[in-house]
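Next, two complexes with chain A in common: one pairs it with chain B, the other with chain C.
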Partner chain A sequence: MTRRVVFAILLCGGAVRAAAQPAPAPRFRSVAPGQVRPMFIAGVPDGGLAVAGFLLAERPVSNAEYLRFVTANPEWQRSRVARIAADVSYLRHWAGDTRLGPEVVPAAPVVNVSWFAARAYADWVGGRLPTTQEWELAASRFRTSISGDPDRVNAQLLALSQAGARDTTPLAAFRIVSDEGVTGLFGGPSEWVDDFNTVVTSGESRGDSGPDDGLFCAGGAALAADPSNYSAFMRYALRGSLRGSYALATLGVRVARDAPATRSRGPR
Partner chain B sequence: MNASEWPAPIVRRLARHALLALCAPLALAVAQSPVPQRGALPEQSLYRLASRWTNYDGRSIALADLRGQPVVVAMVYTSCTMTCPMITREMQAVQRDLPPAVRARVRFVLASFDPARDSVGALRQHAEKMGLDDRWLVVRASPSDTRQLAVLLGVSYRQLPSGDFDHSNIISVLDAGGVLQYQSPRVPADRPRLVRSVLETAQARTQK
Partner chain C sequence: MRRSTPFLVVVAAAAAVLAAAACASPDASAGDAMADRPSGALPVETLTVAYAPAVPAAITRKTPAKVVINLETREIRKRLADGVEYTFWTFGGSVPGPMLRVRVGDEVEFHLNNHPSSQMPHNIDLHAVTGPGGGAAASFTAPGHSSTFSFAALNPGLYVYHCATAPVGMHIANGMYGLILVEPKEGLTPVDREFYLVQSEFYTAGRHGAPGIQPFDMEKALHEDPEYVVFNGSVGAVVGDNALKAKVGETVRMFVGNGGPNLISSFHVIGEIFDKVYTEGGSLANQRDVQTTLVPAGGSAIVDMKLEVPGTFILVDHSIFRAFNKGALGMLAVEGSENAAIYSGKQDDQVYLPEGGAIQAMPIEAGAAPERELPRNELLARGQQVYAANCAACHQLEGQGVPGAFPPLASSDYLMADKDRAIGVVVRGLSGAVTVNGQPYNGVMPSLQLTNGDVAAVLSYVRTNFGNRATDLVTLRDVQRVRATPPAAR
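Let's turn to the complex of A and B:
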């Protein structure tokens, strides 16, 4: 009897410790301010849009980190989350509400996470999701900027991504490191951005030739793309097709934070 | 959105946490039970995600405060000279077309996606200029809550270098529980259909 009570207390101790685990502190890298040429937007000056410097997590959020999040915030567990906040694919690759299972690599990027969930996670660790332009800025920092020598850098990144895709280990993408020390931007899962719903050119358009003027205000003026940047084009296409509740096996989370000196939000 | 913003009373949540901590194996069984933990809001209710807004009269409201009545909602910015006034006019026409008994119960909401420029004063000016009556709310929120509502409604918007916005022209109808019943994707809208959806939504509530 006594032994059973002691066992119960030990169990409780373990559970309490698990529930009280603090939020993981993301390891941030500094992304220097720069210029981005966004796609599908009219009136961008020749040099591109200025994006303020900010902090971006060195790695995307892992399964192990996300497990701590749902343990501390049960409303984000698979069986409890409201359907409006995450669809039925939410964390479907896990074995249970708070169990990864043998198939899931704890250090691999978590996927099957909705935008609402990604935002809640970022909030929990004291950060936020990067904006589209911040993400693109960070992704352009590979030796020369993409705008500097588009053909060479794009071809190189595409090759790296494809090499990553052939490598079956879930951590392969971490070997692709930007000049600023950010890994996994290429070759791994795509990542949520806070303003994924900014692509205003298609979606509900009924015709094939162009946007329906009644659907979007000024949308008809906003067609402008750089088709040579294939991987960027694919990212914009993906973002334009998403809804906030979608949980996809190819879409993960990365946390950003304002640069400490300025505390200003990036352009939205 | 963090845990503290969920509508469940804090005491009940703490009690649940305590229960989890005290009997982990039992708690796992509880977690898998199909019993809803957050009151009676439907799974697809927009009101399940908390957000805080300020009306043009300075009053602070949560989206969930609109619970219990049909809502017609659109997102606009008040300095818009193109389709936003058309969106508002369209909603006013819907309001006019409703039978008085239904009209008295429906709320009309304009939510700004330009919180940087749409101060409470700008919202009040807009309400006066458009001649909006007391069934209307014209509201603003933080950039983060603004983005969340846009995502919930499927509204795309983006500020252009000129300061204007590209944006969808969606008008949405929510039922008393905050669930989307109909969305008009364009202006001019299919107004008979929009009016019909508000009527059906209002009647569905009466039957409940």
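Let's turn to the complex of A and C:
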């Protein structure tokens, strides 16, 4: 009963918070504006979608940073969070509500966080989640930093994305650096995006009519913007399988922010 | 339990009906599968799967049941070939996935469990399912989650199942396939042994055999140019100690699947003939006495054969470079007593000389262009060609010969001592003991069927190269003269 009262107060926007450390300030990198050809291009103009420039955190959120978040915001602790906001896998790799435990590397990307939790974290540090197209734009900036041959970039990115998001050691995630200085987009866990549920998929990748027609087995290649970009296929497939409450061992979070000229006040 | 009594009565009645209908015509359609269902709940059982090459036990019940299947999808790194590792996406942790076995008319409750360590969502399309996607949409599952759907096994036969998550080709290429057997009502003809085999390809960035962890190469997959074509998920999976084992006199059945993703298989067992083939894994043993049967990509075949003699019988895809160069090779090791009446093995080995022992001399073709004396440079150039084509094999490229076997021509005292004798050796051959540069040789040099012009050319070449310092060339007339002169008696 007491817990319900406390939860209700907090839910009503109560300003009472435990005495907490200030939110960590992520270091951001500037992602230049550009064109993105979304995976499935029905209805998109030929050149692709224009994506405005924005700021993207240099690194994904770490276990240590997320620990500060749940310490300052107890409603997001593992034993207290509402199941509708995060399923039973939420932070299951931690030893306790506010204890990482010896198995967990503090600097490694946090995983097992739901979309609702990811949004709450981003809001707490004064940012937001990137959109799908923003993330894909940042992930396309690898022409020079991956070795040599631009024709092999897709194959190399695919190899990197297969290299194992299971390996959540800092080295694995941060070794891969984009042209704009963003680390860990490949070689680490996948990352939540704000609009993950706009991927139109029924899970039956070979349906041949209606809203599925971008995704049927042959269409998946024929209608895709870049059928050789298999790592993008994999990311879109993963996003299509998610729900907001899901906490996955291979899915973490990275904070974004509007570029200075267009920064809006307050959470989105 | 009280509630089970009317249920048991219903089942008994259904069993009676089914027993009466057991001699149904072989044209019984799929619709009968549902018609045969008893009203009321089916008995529930949990499926026991088997991992290749083992096959789950034949079904003994004569009535439909509700079968609960739990299949886990997991991404794991393991051996593809010696020194080669690959990150496989699997059903049940193995490639191929386990073999499932149900009976026509069964209601299958399928649980697809995606291991939390998976990077990808997965689903399943069972070709035994009648319904959209074969179950794919209903089973689309994120990592760390589980999906459930049910279907009725309407048609008997041997069906492939595979993952159908985008990009489908990649999910299949990484190893997500297996077989589900839906037994017909009366079951399959009993055999002594059953085996489960699946052929498939792997597309790695490195060439066949390149060591280390090999990533998937999507370009090779698009071009249908695999580095590995294997049985049961890795090179040598059914070879040597892992060979299939059977005994003489047994009738063996192979459930053969083809996971693809691209190639069609020409399945053949070397030294055996398929007594019965259920073409494309259908429910009819529609062909007999087949050497090689096609297994479509995403399809299957069932073959029965009786083993008559012992030995190791090699399973291949008879697109033969796949077998010997890419790994599509397996073994069936059969033990038992020999039967010489069926296969004798080698009975004899003799020398074969169709025209006797003499060296054949083919006549020089009539009507050949008349030869002429060549100028020096042309003569030597031709001599070099003749040497390379006829002499170098034994006397070696620098004329050094092979010690103890072929005498040297380089700085050869024997060669240079007597020009006419040298011409005679080339034209007539030489046998018996000779001493060259102080070393004894006692072999046979055959007479070479060269034109006189070629003899002149090659001898001119040899006598002015390899350290030999002849001042005169061998001419056409020299050769003609030697040829016309009978050899001196020894």
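Here is the rule we go by: the second predicted complex is superposed on the first by the 198 of 268 C-alpha atoms of A that agree within 3 Å, B and C clash if a C-alpha of one lies under 4 Å from a C-alpha of the other, contacts with A are read in each partner's own complex, and residues count from 1 in each chain.
Everything below uses one rule, namely that contacts are C-beta pairs under 8 Å (C-beta built on N, C-alpha and C of every residue); 3 or more make two chains touch, one makes a residue touch a chain.
Owing to the predicted nature of the structure, the values given are computational and were not obtained by experimental measurement.
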Output check: A:Asn73 vs chain B and chain C. Expected answer is one of first, second, both, neither. What do you get? first
With the two complexes superposed on chain A, say which partner A:Ala85 touches: chain B (first), chain C (second), both, or neither. first
Of the partners chain B and chain C, which touch A:Ala261 in the superposed model: first, second, both, neither? neither
Counting residues of chain A touched by each partner, does chain B or chain C come out ahead? B
Is A:Thr250 in contact with chain B, with chain C, with both, or with neither (first, second, both, neither)? second
Interface residues of chain A shared by chain B and chain C, listed 203-204, 215, 217, 243
Chain B partner, complex, touching residues on chain A are 11-12, 14-16, 19, 41-45, 49, 73-75, 77, 79-80, 82-85, 97-98, 115-116, 119-120, 123-124, 128, 194-195, 197-200, 203-204, 212, 214-219, 222, 243-244, 265, 267-268
Interface residues, chain A side, partner chain C - complex: 89, 154-155, 158-159, 161-162, 164-166, 190, 201-207, 215, 217, 220-221, 228, 230, 233-234, 236-238, 240-243, 246-251
Taking the complex as given, what residues does chain B use to touch chain A? 1-3, 6, 16-17, 20-25, 27-28, 31-32, 37-38, 41, 43-46, 48-49, 80, 82-84, 143-144, 147-148, 150-152, 154-162, 164-169, 185-188
Going by the contact rule set out above, which residues of chain C touch chain A in the complex? 87, 116-121, 123, 132-133, 136-145, 164-170, 205, 215-219, 222
